[in-house]
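Two complexes are shown next, each including subunit A; its partner changes from subunit B in the first to subunit C in the second.
== the complex of A and B ==
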């Protein structure tokens, strides 16, 4: 008998990367997640009034942004973008090369920031910048070869553009510490932060949400027109806010925040509609994290406007905590709880058998521990910031670290179950 | 002898979406099955065009349909128009999904 899947299978297998590619990034993210909480514990006394500078807190911030968020973005984008765009990567080796540069590069950068060792920082930053530059080129090449999935590709183009600016500014900031390139180091750092958080990671997270959330929740696809409007406001908001930060202009910063806030509200309206129409009513703790992350997203934008306008004392600290921990970390950990076993199931299917159920690959106990620890850590950090109390901040970081250990255990258990299915990956 | 179309529909219930934990027929992914001479044509979709599980679902469908009696050829057409929507899930499928994760 002849069996033909006439219009879909072409190139489908080549769009599924070796399991070791996405899982090495997710494994690294799980380890940097633990390093983040430990570094935050060590640098907690600087957190309530942090205004930049070397030490454990700077190391914590970059463990989170580069180690957890960017690493997850790379693993997810390398695997999911070619599937979404139906355009396979031209070669697999650049994804490996990017990991060899990125993972040790971020480790060295974080170590250098934590110990104020300039050479380590510069070397680590150079490696991480090269790794992320390879990522940007691969994503851009993939997007260039597709015309479908407009919401995903539109957001991804915006993310790539922001990433290019983030990389240039980030490396320049490291050089500036020793050689004094900029008259206003703080302004450049604020621009770097806005572009990294809302431009690169934010747009990528929103873009992937348009396919991942309906897929996991069994919902209809979101409205494309409204999604485009949201994207336009978000891109405009990021561009104006970043320009305002660079120029030291309060009105521009506030205007950018306001534009971004409108884009965020539209995005959340789409996500709310998707969730309301879902057929899968019970989505577990992972989606509680996703929703918690969404709740922090508009709050972070409002705090950003307050920080840009000097309306609230210490607003910049609350803004950073809400954007990085409340929104992005919470959202990304919720998504990771889903996509790690999901991709494990896909890779187990490559061995020629029917894929195992995702639920069979998901160890629930460590996820529950991680969930409660994460929520407890957020609550403690928030309370510690409001009360300006280092002990509560340290308690929050310690609870977060316990959650990170649980998440690491979850990751190792999923890898063990994948290996038992015959689809083992070396993380 | 059973109608190959009905038989194929029953056999395709063995193919389970690993994320939804529901078979592709009750999930509403199989739009149409028709016989043309000794060939069987299946129109199907995925929950999203970007569905990463798609290739493995197709491979499984090929596996379960390979021994269909009286059929020499099976063509599987993946279509996205009309797009899948939750309304396509069967009552049995809805009951299973509402029962838990």
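== the complex of A and C ==
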């Protein structure tokens, strides 16, 4: 039985963005991932008692949040959200414009933060804010035109709302360093952090989990009612915790953390059910990372409650490490391990052939190196924080950087295999 | 009055109503058609069975049956009886001790209509479970009806007047409370069809992959979709399947999925 190869994916072109769109964001994320670990290595001595301020650690945090997490969210959202919501993007050029602003903007911002160069920070922040604002408008426009996928869209709406607040507060914080806008800079920074981590990136990660995890694990979609309840608790938790941070209120901060914790438990229950019903039994190391990330999610909320309540010494540092590295970075790297060759397979098929096997596009060796380095880095960072030992922290950052190099090699190899299949696309 | 010609799609009951003498001519062709003297069978099965299906049931050439039905004299010598199908692996794997079994021969012998009993029994078969039916003939219409309810079927002629039909309920998950709907399955022209329109991602992909992995699906499946399922293609490739868009109804993306011979 012969199939007409030229028809293959013939009608998919309108739904598949040019390969360069998602992959430019994912490539940037891979580079910023390396920058994050290097900056963490340089700023390791400040990590156990970090309370804000310029330097390599601030650069590391923003390389991670904006460079890795937001960049991945943009690449994934531009490609996946229109498919999930059945509402195609109105135009492709804004996604390119957002990348032209975002990628150099974040690079300049991180450089400025690392070197305490205010003008570079302000310029980089302005570009990144504009890039993220375009992202927010595109996502909001897409969500506005759909009525389905209520869990994905509900979480995405929450993420967009949080992003607007994050952008405003973030830019204001940079201006505040020179012009002294705020009486309590630390409180505003904490609010910015909660909204960014749990509001923007957290809600987006949870929302995309409702479509990506079932899609990759081949499992039925999760229960909508329970998902809505989870979303309500998470949104309420973020709002109350952010308000508590801004007001300097310990009870409000702890209450927000508790609400968020309930939402997280419900979310993880849904994810556990999805995994239990999956058709694909062998999910590989990428899903070990995803599960590891999930394990850190409730832990981060508990540490957040501890930090808000001043229950545990240096709890804020543990909280930040668990939320950013343990949960978000681990989860996102697991998703990237899976989504990069998956998208590459689809783009390779665009040339008129059946798609190459995802497994054939996946170089296993660098992924294994990245996996073990990531796990080793998390363990070292955790141990270094507990023991308050800079050398162990530096060792963890170095191992993490080695893993980042391996992941970068993985990304380059997938792109090379995609190009060899004739499926690359012009930027 | 001129009777409409009998075609392969004509139902047996309709032809008998239009031509009461046909029953004896069919019995002369093959004694198995003596069952049509049973009025219950004529009211039930004969209304569902077409001439092409009856030819398979009786193991007689379709051309001969049509010649007899259309009054063209002696049965044409040309035409071969359908060859029995090889038993598929999934049917061989059915454990009779664990399967739901039902023997409808006593019912038919008493002149009772077995269809409602079979349908009630089939309804209780869980996903992945098997129903083994013993009948005096190959119940082709029943196989078609249960095919629309997610059953793969294979009929084996064990002895004269004894057929054993193996049904396997495909591994469809029961519809969840949140699902806006479930995929619709049916067979048309011997090809399984699945309609996933209206389902939210990733349900269409799951329903299609479940069908491809179900025993008895075969090597070709027709999918009725509302859009080109771009995320399905890598999964198809991993399973050795490929797909192409074929002409469909307006607003529909119709796909023909096939597993090329190895």
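Just so it is clear, the second predicted complex is superposed on the first by the 411 of 427 C-alpha atoms of A that agree within 3 Å, B and C clash if a C-alpha of one lies under 4 Å from a C-alpha of the other, contacts with A are read in each partner's own complex, and residues count from 1 in each chain.
Convention: contacts are C-beta pairs under 8 Å (C-beta built on N, C-alpha and C of every residue); 3 or more make two chains touch, one makes a residue touch a chain.
Everything quoted here is computed from the prediction, not taken from an experiment.
Asker: Going by the contact rule set out at the top, does A:225 touch subunit B (first), subunit C (second), both, or neither?
Answerer: In the superposition, A:225 contacts subunit C only.
Asker: Would you sort A:201 into first (subunit B), second (subunit C), both or neither based on which partner it touches?
Answerer: A:201 contacts neither subunit B nor subunit C.
Asker: In the superposed arrangement, does A:61 touch subunit B (first), subunit C (second), both or neither?
Answerer: Touch partners of A:61: none, neither subunit B nor subunit C.
Asker: Based on the superposed arrangement, let me know which partner A:103 touches: subunit B (first), subunit C (second), both, or neither?
Answerer: Neither partner.
Asker: Based on the superposed arrangement, let me know which partner A:283 touches: subunit B (first), subunit C (second), both, or neither?
Answerer: First partner only, subunit B.
Asker: Tell me which partner touches more residues of subunit A in the superposed arrangement, subunit B or subunit C.
Answerer: Between subunit B and subunit C, the winner on subunit A residue contacts is B.
Asker: Please write out, lowest number first, the residues of subunit A touched by both subunit B and subunit C across the two complexes.
Answerer: Comparing the two interfaces on subunit A, one with subunit B and one with subunit C, the shared residues are 1-4, 7-9, 12, 15-16, 83-84, 86, 148-149, 211, 214-215, 218-221, 277, 279, 342, 345-346, 349, 354-359.
Asker: Inside the complex, what are the residues of subunit B that reach subunit A?
Answerer: Within the complex, subunit B contacts subunit A at residues 15-16, 18-21, 47-56, 58-62, 65-68, 71-78, 83, 85-86, 89, 94, 97-98, 100-101.
Asker: In the complex formed with subunit A, which residues of subunit C make contact?
Answerer: Going through subunit C, the ones touching subunit A are 173, 176-179, 200-203, 205-206, 209-210, 213, 219-220, 227-228, 230-231, 233-235, 237-238, 242-245, 253, 256, 258-261.
Asker: Can you name the residues of subunit A that touch subunit B in the complex?
Answerer: Contacts found on subunit A: 1-9, 12-13, 15-16, 79-80, 83-86, 148-149, 152, 211, 214-216, 218-221, 277-284, 342-343, 345-346, 349-350, 354-359.
Asker: Please output the residues of subunit A touching subunit C within their complex, sorted ascending.
Answerer: Listed in rising order, the residues are 1-4, 7-12, 15-16, 83-84, 86, 148-149, 211, 214-215, 218-225, 277, 279, 342, 345-346, 349, 354-359.
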